[in-house]
Structures are given as C-alpha cells and as structure tokens.
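One chain, chain A, appears in both complexes that follow, with chain B as partner in the first and chain C in the second.
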Partner chain A sequence: MARVTPIDTAYFKGERAGDFAVIGSAVPRSDARGHVTGRTVFFEDMTLPEMTHVKIHRSTRHHALIDRVDVSGALEVPGVLRVITHEDVPNNWYTVLRLIGVGPDDEPVLAEDRVLYRGEPIVAVVAETEEAAREGAARVAVGYTDLPAVLDVEEALADGAPIIKQAGTNHFVYEGHHCRRIRFGDVERGFAEADRIIEGRYSSSPIEHAPTEPTGCIVVPQGDGRLRIHTNTQAAFFTLDNTALILGVPPTSLRVVGGTVGGGFGGKVDVIVEPLACLAAMLTGRPAKYVFSRAEEMQVSSPRAAERISIKDGVMDDGRIVARKITLYVDAGAYSRHSPYGTTKAAAHMPGPYTIPNVHVDAYCVYTNRTPSSAMRGFGVTIGDFALESHMDHVARELNMDPLRLRLKNAYRDGDMKAHRKIASGTALVEVIQSAADLVGHDLPPEYRAMSSTERSEG
Partner chain B sequence: MPSTIVTIELNGTDRELIARPSTTLLSALRETFGLMGAKRGCAQGGCGSCTVLLDGRPVVSCLIPVVTVDGSAVETIEGLADGERLDDVQQAFVDHFATQCGFCTPGMIMSATALLNRKPDPTRQDVTEAICGNVCRCTGYEPIITAVLAAAERRRGDPAVPTPTVPTPTVPTPTVPARPAPTEAEV
Partner chain C sequence: MALRHGRGYAAVNYPTGMNLGGDPSQALVHATTMGGFVVTLSSVDLGQGLRTVVAQCAAETLGIPLENVIVDTADTDTGPHCMGTFASRGTHRVGNAVIVAAREARDVMLQVAADELEVDAEDLETDGTGFVRLKGSSEKKIHISEVALAAHFRQGRTISGRGIFLKEPSTPVPETGEMDPDSCQAHACTVAEVAVDDETGVVEVLRLYNAYEIGRALNPALATQQVEGGAWMGLSHALFESTEPYYPHSREHGPVDFTEYLMPGPADIPAQTSVFLERPAGNGPFGAKGIGEMTANAPIPAIANAVYDAVGVRLTSMPFTPEKVLRGLDELRAGRAG
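For the complex of A and B:
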C-alpha cells in the first residue's frame, strides 16, 4: 500500500550542516532566572491593601436535598463581610465546554436545592482574614435529606438506578445516543470467523494532579470599573468567557492576568475559583482572594476520571486480530466539566494503533455522585492505552506468542482506514517497535525486521 | 494573646515586625516583608515550597510561629544572588535545566544551600536526602540532583566546571546487555 503522505527527506537534508544557531545547542530557559531568584510572580505573590478572603462551606453528603441553609452563624464571626449563595450568582448554571457548543448547562456555581457530591460548594464566605473566612464557612448550617448515592459507573446505568441528573439520564447524550459509538465492519461476523475469543476487563482509579501550587486567584477591582483576575488557570480564555457568562457581564469588563502556573497537568483548566472571587470583589468593592487549601485541592479539584474498559477480541491462531469490541465507561463524577470531550477522545483512540477490520466501541460518559473529573495529561487516551496494551500482552500470553511480534503483525500502516474513518498517515509504530527491540536486545525474525510502516507485506 | 514585636536578622539586615501568636514565619516573609520567594504550597509542612534557612538550618516556614524565632537569622532565596550575579547553586539550576514550573525551586535551592554549607563535598545520596522534603510534582528530581552536585564542585573551586553545552541527559542511553530472545514459552 502506498504511503499517503510521502516522507520529504529533502526538507531536513541540511540539518547537520552546522548553520543552525539553536537546534542542537542548549538554550537556557527564559523563565529559569526568575525561578531561581524567587522573582517569578505567581498569582499569590502579591499583598494588596484591603484584600478579602473567600472560603467555602461544602456539602458533607454525596447526594442529598438541601432543606435549609442558615448563614446567621457565619455573619456573627468578627471579620466576616458577607456570604454568597446561589441567589447572588447572576447565571448560576454553566458547563465549561458550552463555549464549543456542549450542553446542557449542568453544574451550578453554588448548590441550589440539592448536592450531587461530597465537597460541592454551597455557600461562599467573604472575610477580612483567611481565618475569619474559614471560621465563617464552618459556622454555616445546612440541613439535608439524604438521597441514594450512585458511586459506580455500571450501577449508574443499571435498570432502576436512581437518576441523579436533572437532565433525566445518568449519562451524557451524544447526538441522541446513550454513548459515543464507533461501528466499523461487522464485529459479530469477525468473532464468528475468529479462531479464539480473548476477553479482558481493565479499570483505573481517579488520579489527582496534586500541583505544588494550589488552584486559586486574586481579583482586583480596577479604577476603570473592570475586574483584574490574577489566576493560575491553564485556560485563560475558558476562564474569561465562562466567568463573563456566569457574571452576566461583557468579557471586556474582565482582564485575566495569567500564564504562570505552579504545576497544572490539566487540573487548572476548569473554571472554579474565578467566578466566586469576582463576585466577592463586586459585592465588597475590594480585592478578593480564593485559593484552595491542600485538602480542597485533594478532595474537590477534579481528578483524572476513573475508567472501566472491557475488551473482547476475535483472534486468529497466527496472531491477527480480526474483531475488537470495546465497552468503555468514563466516570465523569457529578458534573460534565471536560468529560464529554474526554470520552469522545477515548472512543476515537480505540482500537489502538492497530488495524482491525471489525470494531465496535461503546464509550459512555457516566455521571455518579463522585467528585467531578476533568482534564489531566492525555485524558481519554492514557487509561485507554493502559487497557489496550495490557490486553495486547494478555492476548500474546494466551497465544503463547512474543508480544512484540503480536503488535508488529497488527500495527497500523500508512493508508489503513482507522475505525473512526480517518486514514492512517505518518505512522511509525513498526519502526518504533523494531528500534525498541534492538535497544533491549530482543531478537526479531527476518520477516518481522523487514516490516515497514509504509507498506504491508501480507494481507 | 497580644501581638508582640519580633526582631529577626533577615538576609543580613535586622528587621522588626509586629506579630500575632498565629503569624507564621512564612506569612511574615510574604505579607510583612514582601519577600515572595518562599511559596505556600500546602501550609502543613508537607511540600517544602516554603523552605528557608533559620540560623543556617532548613525549615518549613509555614509551620513556625514567627514569635518563636525572635533574635534568629533567616535567609531566603532573595538573599542568595549578589545583585544580578547568581550564586553557584542558582546558576547550576539554570545551567542544568533543573527548573520546570518553578514553584518548588526556591525551597529546593534553600535545602540544597543548607546541605552545601554543612557538607561541601556531598554524595548523590546526600543530595537526595537533603531534598527529600521538597516536592517537585513536575518530577524533575534528576536534573535537580545533578545541579546540586555541579554547584558543589563549582563552590569547591574545582577546575572550572564547564557550563554544559547540551542538557545533561537524565536517563542514560540504555546499554542493556543483549539477552537471548524469549522462547515462545516465556512470553
């Protein structure tokens, strides 16, 4: 099969000619000097006159109706300036990805009549000092009626499971479908033709990014009436636009100052602290700081989603995989955040970098009463690869076959049609495996050595 | 309890502040003196981002009430450079690409400085132990250890340690001895 994108070897011909000033030499990082002198300015590195502090009273229940909220205890704490409830938030409902057309708005900035996860924010307390804000938040009293909690993705989708979402389903709806689906070839025919069926089930836990610098921001009312938001967001424009929509103000009335992030890894792309800090600044006319404690960072900030992935392969005795059926559950937790997108990414990543003629994928974005999950380094793909490659090893063991040869035999080549209807191009898996085999002294027979990503020798 | 006046020698200069019993050394540095180099990462002594030297010893300043260190000498990251001239540890961190996000860097450098003051010729193990209370979540420990060892050499005046022209590889090219291919039964 011809390579779809021919390699243009002429382009890099002069690379070693020696006239590059940067490529091949070590260039000092432009930010290193600031880092080693302590002069790099992170969002919290400022002390402002009249600065106020925001702390949150959070749900102590996984799933409950809120019967009453009593803030009088908070207001009695010396130094507490005011409390903020959902009634103070101009547009309380949002979802981060509505900026790219994802809906519905399924998450409240502050809880209204119910909470869907332990740690969900209910009341924000604004005070003169951090201590007073913390004390005020602790003095808020909330009465609950507990509802049955759903803490497992498959239980959430089972018949008769309590529906936890107001939209009416415990899963995200993809264009009218209950999951993100990929249909390629005929997987049942593939299973019928296969010599063997080999199945596996893989699961992962949520993973917290645990940045050394906690998520936070400082909002300063400017003389021109705009709010200046010093933040460690990884997504300045998600923050700007979502905050403006929540506050019901034009984006031009906000100014985001960011770009310096003390560790993010995807954990700072949600829009959590800025809207409430802006509200605190608007309601008091003073600078407001809202920064997660370490405990909040660990419990409340969104982790990488837990996933559960079942793989069923139809395999020929010579190692060719002729059918692969995957059921994948992403635990979004209580709210969407970036999980509908992550689940689509997970589906598109299946069935891995292998050419399999019959593929069937059901990828579910599932809501549970757990901490909302969101972005983290390659989310949607990382855990999928763990499952896929664990399964490839499992198949190799079952067939009593060298795992590298199994992968070489099934590796995609340039020109192959992938399950989600994109043509593979610029592939290099065959060559990478061959090089890796060399590095670890793993012998490959000549026919495997001769394989190439640009052509398929057999089949 | 009432506030009290506390005197510390801060980066070589005597400074006074009025402190409440709950004021930490970290808050005093950041909020009273405006020295923002020491970072607040966890506020519970777990991450080392707020490390400064107290009478030469590395401490997590977020756990120390400033009233308890009256009369002590405190050194922070801001006290290391001589004007625009970086000290050996700082320069080594730049040269060896020992920074990523930079949040742990000041604390890391203060722990390393304390080690080199105490032990000019540390082993790799010494360096590892000295920074074991400093969390780098970007996981760049290897270049950090390399930088501290390079700084130690530079400080000892060993024949000018050259600035590397390429980043020191953190993982050597694998030279795994060839081994027989696994038999079909093994794989």
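For the complex of A and C:
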C-alpha cells in the first residue's frame, strides 16, 4: 500500500468542499506494475533488422574557428555507412522556441565555420554498429584556430570582453534591454527609508538531470515513405514540429511515438537527437538509433544553468522588508535553447512569496563558451529559491528574529500586488508556515498564529 | 570535534504552467462499443503518474468507474496537441482539457440514455458504478455498456467530446516586467534537521518536514511521491551534484559517470514527515495546482539554513561540499582568533 500524506482539513475549510468519487483516491500508478515486473517497453527495447547507429564527432575546443574537416579517416572504418556534416542538414538551425516566435536563430544543428563550446557536434557518423560509429567519429580530423573563450558570466558582460555571439552581444536582448527587468515602486527610496541594508550573494554550479535512461531515439522508415520516431521526449509535438523544420519536410511525413520515459526532469525537452537520427534514416534508408552515452548526457547535454544572484534588502528593525534589489545572472552557455524564457521566469519569481513595496530586478541571460544549459525541474526558480530563502534566514539572524515570524510578517496575501503587477490570489504561504511550525513544535505567538492569507488584519 | 545539530527553514511558492507564446493542451474522449471510454492525448507521462491522474479526472467527470477509462497517449498520429510535460503544467493543463472533453462526451451519453429510457436527459444522473439512472431512482436505469451499444447500433451517435485548455499568451512589458506568467501558485514550507561533522565537513540530513498547499490532492499517493522524490532531488542538489566541480574557474574534471557524479544513496535519505493543505485554484482541475517541480526547491535552502544553525557557516554556493563547510569553519576560527 502506498504511503499517503494526510490532508489537514482545518485550513481553508470553506473552500475545500466537494463530493468526489475518484478524485482524492490513492489509485495505484498505471505504469507501476510494468516497471517492477520488467514488462514496460522503453524505446531502446526495440530490435530492428538493419539498424544503424549514430555517433558524433565533437569539438575539443571551447571557442574556435574551424579551418578544415577531414572525414576520410571515418569513411575507412569498416561498417561506417556515411558521414553527415552541416551541408547535409536542410535547415541547419536548431532554435527550439522559434515555433512561438522566439529568436534569433543562434544554434547550428552541426557546426559550420566555428564552435562555441567543447563538445559541440561537428560531424555525425552513421554505421552498422555502435562500435564502428564511435570509431568513425574518433577518426574525423578537424583543424581549428582557437579564439579567446569566455567562461564567466560577469566577465562575459564586462567592457572589452571578447564577443562570442554573432548577434553581437554576450547576452540575450529583451526588447532592447540587456536583461529582463522588473521595476516596482522606487527601490532607492526604499533603501533610504530602511533602518538597515542587508546584502547577500549566492551562486550555483551546473547540475545534470541524471535520468536513469539517457536521451535517445530510434527512427524507422515506413513503407509509405514516412518516418516513425520512437523517442523518450517529454514533448511529442515539440519534437515533431522542430524536427520537421530542420529537415524541411512536411510535418505529416513524421510520426512521433513515445510516452515512456526513464526520467525526464527537463532534460528531454531539447530536440537534439531526433533530427540527426531522422537524417541518418533518410540518407541510408535504414532504421537509425541515436542515444547519448552517459558521458554525453553528463557533459554535452544541457545541464541546469549555473546562476549567480545578488540580493540587497532594505529592512526595518521590526522585520518588514521595504526594498529588495536583485541582480541575477543565468549562465546559458553557448546557445539560447530555453534559457531566455527561463530567465524571464526567474525574474517573474522575484522577490519571492513576499509583499515588498519596492522591487528592482535585473535578470541577465548570459552566453559563455560552455555546454548550453536549458530546462530543468524548477526552471528559473530552484536556484532563485536557494538564494531568496538563504537570504531570509540571513536577514532573520541579522535582526535576531525568529525566521518563521520574519517570513509571516512579509508573506504575500490575497489582493496584494506582486512585483510583476499581477494581483495575488489563492495564496497560502502563511498557512504552510503555520502548518510546518506545527509539525516541528515551533512556537508561534497568538498574533502570528492568527494570521491568514485571506485577510490582512495585523497592523 | 563533534557532530553538531541544527534546524533550518524555507518557505516557497511555485507557478503552475508557463506562459510565453500561449500554453495549450488538448484531449479527445470517445466511447467504445461496450462502454469503455478512451481518453486520447499526445501528452507524455514521465513516470509521475499523469496517465493515472487524467484517468481519474475523466472517470470523475463522466461519472463512471475508473476501470472503464483507457488512456491512449504520446502518438502524434492519433493524439491531439499537447505542449509537453514540463513547467508543472501536465496535471493542470491536461486535466482541464480532459474534463472539458469528458463533459461533452457525458452530455451525449446522457442524451443517448435518455432516449433509451424515454425520459429527459436533465433528469438523469450517473451513479459512479456504471449506471445512468433517473435521479433518485434505483429501478429506472441503464448500464453504460447498453448506452454505448445503443449509440453505436441503434441511434447512430458518437459518444465523444473534445477539450482544450489554453493559457493565453502574455508578453512582458519591457520597461516594468509587468506580465501574467502563471495560472496559480502552490506553496510549501520545509524544515530540515541536519548533523554536521565539524571535523570532516560532512552534512547529513536527518529529517525533513514538509507542509505543501497543492490546491487539491487529486491522488494523495502520487502527490506524496512527488513531495518525497522531489525532496530527495533537492537534497542531492544541495549536498552532492555538479557537472563542473570547479565552476566557473575551470571546465576540467567534469564527471562522466555515476562513480564521479555523486548522488545520495538509500542510506543518505532522511526520514520525511509531510502534510497537505488544500486551497483549490479556481482554474485548476478540481482545484489542483502543479507541484511536479517545486518539491526539489525548499529542501535546498532549508538544509543551508540548518547548517548555519548547526555550525554558524553560511553556505552561499551550491553544492554544499565538505570542503566548503570546512573552509567556512576555518574562517570562523580565524575570525575568533583574530
């Protein structure tokens, strides 16, 4: 029997009403039996006659011009069927959000005249066996002229930094601005009125999704000329539409079959393996499989972005936070992928679940010569929450105040205006804090116990 | 040298769904000859139980047993569009789309039943066991398998429905950042209790306490698995993980397998005690909010704050490796000595 967390029905009693038959039941997960009995079929469980395998020759440089690419060594390897370079890719742009108008196109499917990160794909090798494909990829020879690399987000934005992006800036441009901005109230006036200024700086390193099952797909040419793509993508139509754009084929010529995923966590939202596997299948007329090795999954597929976050608070002696200024840098790595959106999401999340009258946020999506980062569980928010909630503890310590009371005093409530100018509704921060205090026997005085998200009665 | 104990707190909210160029998902529902109901989607179940939860949404709306519902998904030839499984959107978007589709199918089902029973459709109800009956009556009723057969072979009707949920696009105002980025917010407060070895710098998370407000627990067992599994990921982020251990100074020494990329094993998992609060969201399926992602978030600062409580070291850089704890302790000792 599954462990079931109890529901505390004392909170929001009037709003919870409802008479349900199936909703609210601890129905067993439909895939659980298959997983524990080994009957679940993952895409890689398929064995097909004449299957080919795709492996990639990748950049060994952080930032360089490509002088020459020699594939002759690869073609001499027994079992290698052919190589794929950027010239074979009909539309050599991988820009995952162009379906909804987000640009500019900035990432080639296979590198053309330059590489922007170590591990960037340059040549795909298609072979009879995985071993031959790997050997072929190793035998591709690339000549480089190194360019200065930028590996630090603040150095990337400094005056005189080498510009690594052909768009002309080392940051994404938000409608003419260097960063996604939030401007609410007057943060400088708030600092001037505050009793104290409390600052902090928080940072993280890139993190891997670490799925049990690496990202991959098998593409099977069909009798009617279509391609059937068996994939562990998290987004079937995202994959189909982006693959069709890159291949320059009608979307009706592709079919995506998926839905069984050995761990996603945001790592299977980039459409990386399917376009090249489709090309391999089209060029050989045979099924093609492209799956990341564990090393590729860890070092070449998009990680969670490293972030660097500075917080400056104007605080009153009674614990009210009257101004918060945040500067946030997202290390997007070499290409955009989903990072321009994730940075906007990070800005919208600030200043956390608190009502602060003066807020100023500059959130930068910065390009460096690193593996492109992209979506991961809690995209734009996880590292921000680490910074915000570490800082709340820091402020409480500085004021010698109970950390839960500090949070309750500043918690957002229904009807409050958020910094991004949306009226808060359905809030419950006050109640989860009260409930957590109960779980650990943390005493709260009556006035804090009486607080509510639905009314703001305390002065 | 000793094990020193501490407790830390963190409180967070999290947006349900994304909003960039519009955020839609669709669903189709139809009845088979003998009264099975197929929910057709292109959505991906990542193992979190999306198929299970949307089957519950369909059964509840149709008023039929869960066993009568089949979920067919993740085939772009048959399933209508879904944006994808990310941004804590699956249960919210797909659940809503399924409810809309199931309502339309239910209306047809009741009309077919009404014609078979020679009553008004408005006077009918479902009993949840597989019968459509005259409200309050135990005798005037018809089983959904009979309804479906009648629709197929006598009345010539398709018992079916279409559903879509769309969060409409909202473009941020460039100057101010004014925007409508989400559909609702879920909430959590986590308390972490840790032991810090002040000789080795190793942090052990002993216990986690979680209070989550999630709108409605559509399936409290699956919600529990999200909370506990997410906390495990948060703990792992906090103490173990990075693809670049010397970020940003060096790109070298990146781990390439699980002997180098460390993650907590079973012995590192803390005891967890959790409680759910429900404040239904007006736009959520039966009030549910998305909690798929946020469950990894609160544990990280709660652990950092617990370390500070234990040894007075403010960890400002993830992950909190023993090296960083020891360097912090050294600084504290140097400060005291100075």
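The rule is simple: the second predicted complex is superposed on the first by the 431 of 459 C-alpha atoms of A that agree within 3 Å, B and C clash if a C-alpha of one lies under 4 Å from a C-alpha of the other, contacts with A are read in each partner's own complex, and residues count from 1 in each chain.
Operating definition for what follows: contacts are C-beta pairs under 8 Å (C-beta built on N, C-alpha and C of every residue); 3 or more make two chains touch, one makes a residue touch a chain.
Please read all numbers here as calculations on a predicted model, not as lab measurements.
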item	value
First, second, both or neither for A:21, with chain B first and chain C second	second
First, second, both or neither for A:182, with chain B first and chain C second	second
Which of chain B and chain C A:47 touches, first, second, both or neither	first
Touching partner for A:261 - first (chain B), second (chain C), both, neither	both
Partner chain(s) touched by A:169 [first = chain B, second = chain C, both, neither]	neither
Which superposed partner A:33 touches (first chain B, second chain C, both, neither)	first
A:377 touches, of chain B and chain C: first, second, both or neither?	second
Which superposed partner A:443 touches (first chain B, second chain C, both, neither)	first
Partner with the higher number of touched chain A residues, chain C or chain B	C
Partner chain in contact with A:400 - chain B first, chain C second, else both or neither	first
Footprint overlap on chain A, where chain B in one structure and chain C in the other make contact	25-26, 28-29, 31, 35, 210, 260-265, 294, 397, 403, 439-440, 442
Residues on chain B engaged by chain A in the complex (per definition of touch)	22, 30-31, 34-44, 46-47, 49, 76-78, 80-81, 86, 89-91, 93-95, 97, 99, 101-106, 109, 135-138, 164-167, 174, 176-182, 184-185, 187
Residue numbers on chain A that touch chain B, as the complex places them	25-26, 28-29, 31-42, 44-47, 131, 209-214, 260-265, 293-294, 396-397, 400-403, 439-444
In the complex with chain A, residue positions of chain C that touch it	7-15, 18, 20-22, 42-47, 49, 51-52, 55-57, 59-60, 63, 66, 71, 73-77, 79, 81-87, 128, 172, 174-182, 184-185, 187-191, 209-213, 215-225, 227-228, 230, 233, 237, 241-245, 247-248, 251, 254-258, 261, 263, 273-282, 286-287, 289, 292-294, 296-298, 300-302, 304-305, 308, 314-319
